[in-house]
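Structure first, then comments.
Labels A, B, C, D and E are assigned to the chains in the order they are written; within every chain, residues are numbered from 1.
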Amino acid sequence: MPLLWLVLILLALSVAGFFLGRQRALASAGGNSKDLHSLPSYYGHNVALTGLVPALGVLAIWLLAQPLFIESRVSSLIPEEAIPESSTLGLVMSDVRRVAEGLDLAVSEGVMTPEQARNMRSEFSDVRGRLGEIGVALGSDVRPEVLNAAQSYRNLSNTGTTAMIFVVALIAAVGFAYSYSKTHKDFRARNVVEQGIMALLILAASLAILTTIGIVLSMFFETINFFSLHSWTDFFFGGTWAPNFRGDSELSILPLLWGTLYISVIALLVAVPIGLFAAIYLSEYANNAVRSFAKPLLEILAGIPTIVYGLFALLTVGPALVRFFGQGENGILGVEWMSGATSVLTAGVVMGIMLIPFVSSLSDDIINAVPQAMRDGSLGLGATKSETIRQVVMPAALPGIVGAVLLAASRAIGETMIVVMGAGAIAKFSANPLESMTTITTRIVSQLTGDTDFASPETLVAFALGLTLFVLTLGLNVLALAIVRKYREQYD
Amino acid sequence: MNDMTAMDKTMEQQKTKIAAKGVDVHYGEAHAIKDVNVEIEDKTVTAFIGPSGCGKSTFLRCLNRMNDTIDICKVTGDILLDGEDIYDKRVDPVQLRAKVGMVFQKPNPFPKSIYDNVAYGPRIHGLAKNKAELDEIVEKSLRRGAIWDEVKDRLDKPGTGLSGGQQQRLCIARAVATEPEVLLMDEPCSALDPIATAQVEELIDELRSRYSVVIVTHSMQQAARVSQKTAFFHLGNLVEFGPTGQIFTNPEDPRTESYITGRIG
Amino acid sequence: MSENTQNTPRPSSSLLELTDRTKRRNAAEKRFRAYGIGAIAIGLLMLAVLVFNIVSKGTGAFQQTFITLDVELLESKLDKKGNRDLADIKKVTTFGYSPIIRNAIEAKVTGLGIDTPLKAKAMAGLLSKDAAAQLREFVVANPEKIGDTVEFRFLAQSRVDGYLKGRVIRANIANDKNISSEQLDLVDALVEAGVIAKTFNWDFILGADASDARPEAAGIGVSMMGSLFMMLVVLALALPIGVAASIYLEEFAPQNWLTDIIEVNISNLAAVPSIVFGILGLAVFINYMHLPTSAPLVGGLVLTLMTLPTIIISTRASLKSVPPSIRDAALGVGASKMQAVFHHVLPLAAPGILTGTIIGLAQALGETAPLLLIGMVGFIASNPPQGIAEGLLSPNSAMPAQIFEWAKRADPAFYERAWGGIIILLIFLVTMNTVAVILRRRFERRW
Amino acid sequence: AAARDQVQVAGSSTVLPYASIVAEAFGENFDFPTPVVESGGSSAGLKRFCEGVGENTIDVANASRKIKEKEIKACAEAGVTDIIEVRIGYDGIVFASDINGNGFEYTPTDWFLALSDKVLVDGALVDNPNKTWADVNAAFPAQPIQAFVPGTKHGTREVFEDKVILAGCEATGAFDALLAAAEGDTDKAKHKAAEKACIALRTDGVSVDIDGDYTETLARIESNKDGIGVFGLAFYENNTDKLQVATMSGIVPSTESIATGEYPVSRPLFFYVKKAHIGVIPGLKEYAEFFVSDEVAGSDGPLSEYGLVADPELVKTQEAVAAEATMGGNS
Amino acid sequence: MNDMTAMDKTMEQQKTKIAAKGVDVHYGEAHAIKDVNVEIEDKTVTAFIGPSGCGKSTFLRCLNRMNDTIDICKVTGDILLDGEDIYDKRVDPVQLRAKVGMVFQKPNPFPKSIYDNVAYGPRIHGLAKNKAELDEIVEKSLRRGAIWDEVKDRLDKPGTGLSGGQQQRLCIARAVATEPEVLLMDEPCSALDPIATAQVEELIDELRSRYSVVIVTHSMQQAARVSQKTAFFHLGNLVEFGPTGQIFTNPEDPRTESYITGRIG
């Protein structure tokens, strides 16, 4: 595989470049590394990276562009009339590609000679059969235009690959030569390398922005579609969520939003105290042995598939709650407040359990990072450990803890399976935590995976829900950021 | 302890506040304090002197069990406060530390406002009934720490934004705010200018009328100025302990003499 | 400084007696500690309950019932022309193998002298539908064996397996079309004769999914490979990108509205429901970039996007918690900011980074919703991938998706497999975590 | 981009078991790779189907309902014009309860009276007062009503509403009362409003929407023995050890009684094939033909054995597939 | 220090190493350094003295741009090192800090081994070709920091497990290991006993032969002992700057005099 080789050679070159660059830098300083502007290895990295990165970049672009180019060249070879009615050029082209790949395989397996593959004529030989023998299945017999196109496809891609190897190697060579020639004791290699690294860091950070743009765009148009089919007043200000198959459904986000908030709050009421206390105990009280097994064990809670939690809610927690708050005379409290196993409380509690490690593990790391001098200062004043933790350690660890709680809250908002099985699927406004409710996220999933006509508002509402949720959580996050900024305590 | 001067006589009336008997401290393998016996008296300033790394801080931290927080640190022997073994199982280190306050060698203000730094101790010990009383305690402590004037306009700014010497004085103010019976001060004036130093020394002298103060210092002059008793540590040993005057004028141990005259470090 | 009457020393009290206030504070301390222990106990208890639940329901999946039969590969059925032409042999579909199987089990039963009212078809009903496939595969691979009698170890159908495991009981089979009590009598007799036996089931751990008609043949191995390749992608992308982004935002980015936007954006991405990442993945990776459907590569990319915020948030939190004096110290000896970060800050923040990775990967490993949209949930019974490229590109499912599918299927035998799959998933998770946990312990230190 | 060589199917989770049985057998008996059958719901499947023509789109969409006009339009806009519709049989919908509990013989009226939001009492529409099945029908035991019905996302819900609740609504006369009270300019609008009111189910917890699948319904019945759930016939037939089935209007549901049309509650199942992909995606046509072949979809075939109600008009379907007849008639 | 004339003459030959012109520093609103102009000479020890909180550390941190790390800190004015403006856009602060080393007021060893603490600087600056050379640099630096004997057996133990004074000396060793041209020392002897102090002062004197040293100190004696030039800061102003002898014997400004004689703090 020439590509693999090319990459390997580039890598080898860059390793060599590293040592050469280093060598040259040292030589320019007469072997005395102290006279260099930067550490010798920075010169090495500079040469290695200047050779490698642009070459790899061009390689990547080439690999993306070549098929497009060949595709357009080859597809121009296919006459209009060769495209069957109702088919598209794209489909014919995928046939062409398949044949071309089949021929490649045949050649590499030795079933055909390269000449045969190049000169084969569909009129004279059974291409489909011969390719079938080597395991390349084709959808239909190969038409002459397709075979022709496939052959020129192979030609072009062979030429292309050769050219690619040449160009990439040239770029690598130029890169190496340039950076090698620049290598001199006064060259600011560290700064250059660090600038390169910085560019990569910025690139990584901008990925988040790209993702956001992608998410917004992938939902935006369908949301517009939705609002052209459904009134926005009902969506934002209506009081009922009742999709049906006849159309003309009431689709208001408000009851869902209420359910989302209610369930998330209960989940956080469970997860945050338990998680925080667990974190505090682990970092401040527990001995090493307890800490080293309890923390990873708790982390397993985050990895148990949510379907297990869903069943746990439905079969264990729900009925237990019913025994407490329901069943009238037969129940433990003798009240009749709860009828079914599914309720906001059921889902909230179970989700809370799942979220414990989100709060506990991260908070534990952050609390652990608060310098011991802070604790000593407080203990030295006669504070108890708990006072120290509450009044000195926790405030210092606040930003991290807020981050952990936000993460847990985010997960609570995004969870579906536990809500579906634990909270039921009824959208309503109610203050009673023992009743069923549902959340925005579960509605997104169920409307997307449901049976309603995909062009109907009942399905499209999923996108509107998603986008609205996105905006709402954005608001929450802005708030959280402001709070953290306000209360942040910087220790030293 | 032969030369009984007037000062020593007053001290005789003082009862022993803290008595250490055969104290050994190990950091893991390292033997940091070796069989130290010492009696620290009430209403007295005791100075710990000795070369850097000889174990002064370590021993000081034993006296209010701050060493409990260092995992690898093991303390053996008896330390009695008012005749009670502070390493007794029944002793609550919290109550102990409320009685035996501490100023650490490295200033460690909390990442809170200057006010809250000082009010912290009084709050947890419930020393103030209301905000006004607390304000008063804070002001008084900051004044005693000789830093009031510098911070009175920025009480709500973080204590970590102070200069080195200011932080040190803040920590002193923080420690005296809880009114401990014994105050352990680990080089409290190391970052202070002469005037601030004098003010802190004045504070120490004032505290002596009611409490017992132990101060670690590298300044022989300071030890001579503020303390009545001096303990000289060397390589983990308590080499000599006695009235300050005698230690500085007529040391018994040759090592003490060498140190004071500047020959061993 | 005048003496303040209010602040006379508190009355000296014995250390051994606790003052009321101390008692109160100690009680608070004890309570606080107890809350901590309680919190951990609750967490561990819940874990124990869940794991017990999982294990008790899932262990059955690791055992499977097999029936051993001698099968005569009749030429008259398998190669009517008798010329051993593979094309002709292949024309006999699995349906055509039923008579052979019927003959084989009838022969066995009569050979053992077992008395049963059952017809051959009902006897063959004890076998899995997989038996025909197994036979055909063998014949296609070894056409020369046609005409011989060969010993085969066939899977028993799920009710027979359930009967041996105690899941199927005679009292409840009245309406069951798939099994009758006469058939169970025969099973008892065959167990007696050693023809039917239950053994450890490697096929479950290594195999691929099977259709609803033959739960006994389903395995989780192939989807485990799918999960493995996805996790490799996630780890290879999410960890470096996440850490790099965090470093930039926390250590280098100027404080301005742009970085504020990025910061809020990232926390907000954590709150985006996972299925939305699926929508994004479908739009970007499949429709726009034309990457293959149902491929672990795409799954890994989508999960990477989903995991990134988790890793970034935890990494930033731990970078923040490194005291500035450490950075000062490094800068003071002439280290560049970059060097200070990579040499000193990053190692100190490593525990938090690893925690974020553990939690993020756990989430990614258990996620199904986004996979639904990129075609990794459903019936994907491919062969185990050969090599990395195939592992990344050829259609596959993932463990949680497989479990999710099994849990939905009608036959209760799938339910057992779903729980068995969860056991494997957890083992996978724990193995994956162990490395990170050990690393994290090495980096943990106080200063 | 490497060429895709397997058939890619997506859509209904109701059709999924059948499609997976076929795909598995197809993979075993042909030289083509086993098709990939994704689940995700009829709507999601059709949406993917209508995204366009080309290798990166799916070839077959499974659906537990007929494709809608709007969807056909959307398809056409994306260039998916020639669609082959294949009906594979029917899915029976049954009512079942815990095997050890009471048995029931229902009529649509019973269900309407049990679950409707408003019922007719003495000629007036009032909030549904019925608490136990005995309140609904004196012949039933006094077991509290607890129904687990499919959530509004499920196609089964539509069938349940149409064939059971609406039928009951009309039978009890509530429909006429609602029609009289309905607002609307035209008769049609009134009719629609009345229908909508008919199918509104009570929200006091007596009727529980199940958004998950039948296993969830089963789990709920196991934890609440009074519960009565709506299931697919195939699901029930695989769980006869836990469930007992209720009759509807006196008919016991079975593949036979549904095939003859005696048992009223059922719906047709379909799959849709992109004609343009035939001949390009290897094995696509073979798969479609294999699916509807007698061996597979016939009344003795594995699909019927699993619970599919075979289509009485299977032969016609086979012919249509062989001829690649597209919807709208042009072949 | 006694022989005024001779010393002043040597100093006259020294060229200016660092020149600060009209430097102002603000922490947010607070004006910490007010229009300071000063010329620090090469091969000279300059002492900064002044009451706690007057801005010595702040000004010191301006000289190698360590204040860049404090968000709220704004520096204006020009500071020239060898005639080049260090706040110029083109100046790489990293290179600057390699030339202008720093010992911080609060000892801040890395949470790494003692060896690595010292070896870090030489490693990133490529001062050693191999391990042996590095070992040699580490040993030499630790010796110069007057701490070699105490730590030679525990080079692989964490630097954070040292006593306060030991940490301080470790930080000195760490700073000299990179061989900076200018060494800024913020109260380097605050936690040191007299002997260790003397050793560090000896080091400073030795460094002076090749480099420029700026030292912040509260000890007038120390300033007088080690420095050739002294700058007196008060409330953010540079009150007086001149030859040490002159400042201590014949200060021009009354504030300087008050401070030296112990009247303002």
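As a working rule, a residue touches a chain if its C-beta (ideal position, glycine included) is under 8 Å from a C-beta of that chain, and two chains touch if they have at least 3 such contacts.
The structure presented is a predicted model; accordingly, all values stated were derived computationally and were not measured.
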If you tally the C-beta contacts for B-C and for A-C, which one comes out higher? A-C
Report, in whole Å, the distance between the mean C-alpha point of chain A and the mean C-alpha point of chain B. 56
In whole angstrom, the CA-centroid distance of chain D from chain E equals 83
Between the Cα centroids of chain A and chain E the separation in whole angstrom comes to 50
Residues within chain D bordering two or more other chains: 1-2, 4, 31, 33, 40, 44, 55, 212
Residues in chain C with touches to at least two other chains are numbered 25-26, 29, 324-325, 336, 348, 372-373, 407, 447
Multi-partner residues of chain B (each touching 2 or more other chains): 94-96, 98-99, 106, 124-125
Per the touch criterion, the pairs are A-B, A-C, A-D, A-E, B-C, B-E, C-D, C-E
Residue ranges of chain C in contact with chain D within the complex: 90, 93-95, 129, 133, 136-137, 168-169, 172-178, 210-214, 286-287, 290, 292-294, 372-373, 375-382, 393, 395, 405, 407-412, 415
Quick check: in the complex, which residue numbers of chain A touch chain D? 67, 84, 86-88, 90-92, 94-95, 97-98, 101, 132, 135-140, 242-246, 248, 310-311, 314-315, 318-319, 339-342, 420-421, 424-426, 428, 435-436, 438, 442, 446-456, 459
So in the complex, the part of chain A that touches chain E is made up of which residues? 33-34, 36-40, 188, 190-191
Residues of chain A touching chain B in the complex: 372-384, 387, 391-392, 395-396, 489-492
Under the definition above, what is the set of chain B residues touching chain C in their complex? 81-82, 84, 86, 88, 90-92, 94-96, 98-99, 124-127, 133, 136-137, 140, 143-144, 179, 181, 203, 206, 210-211
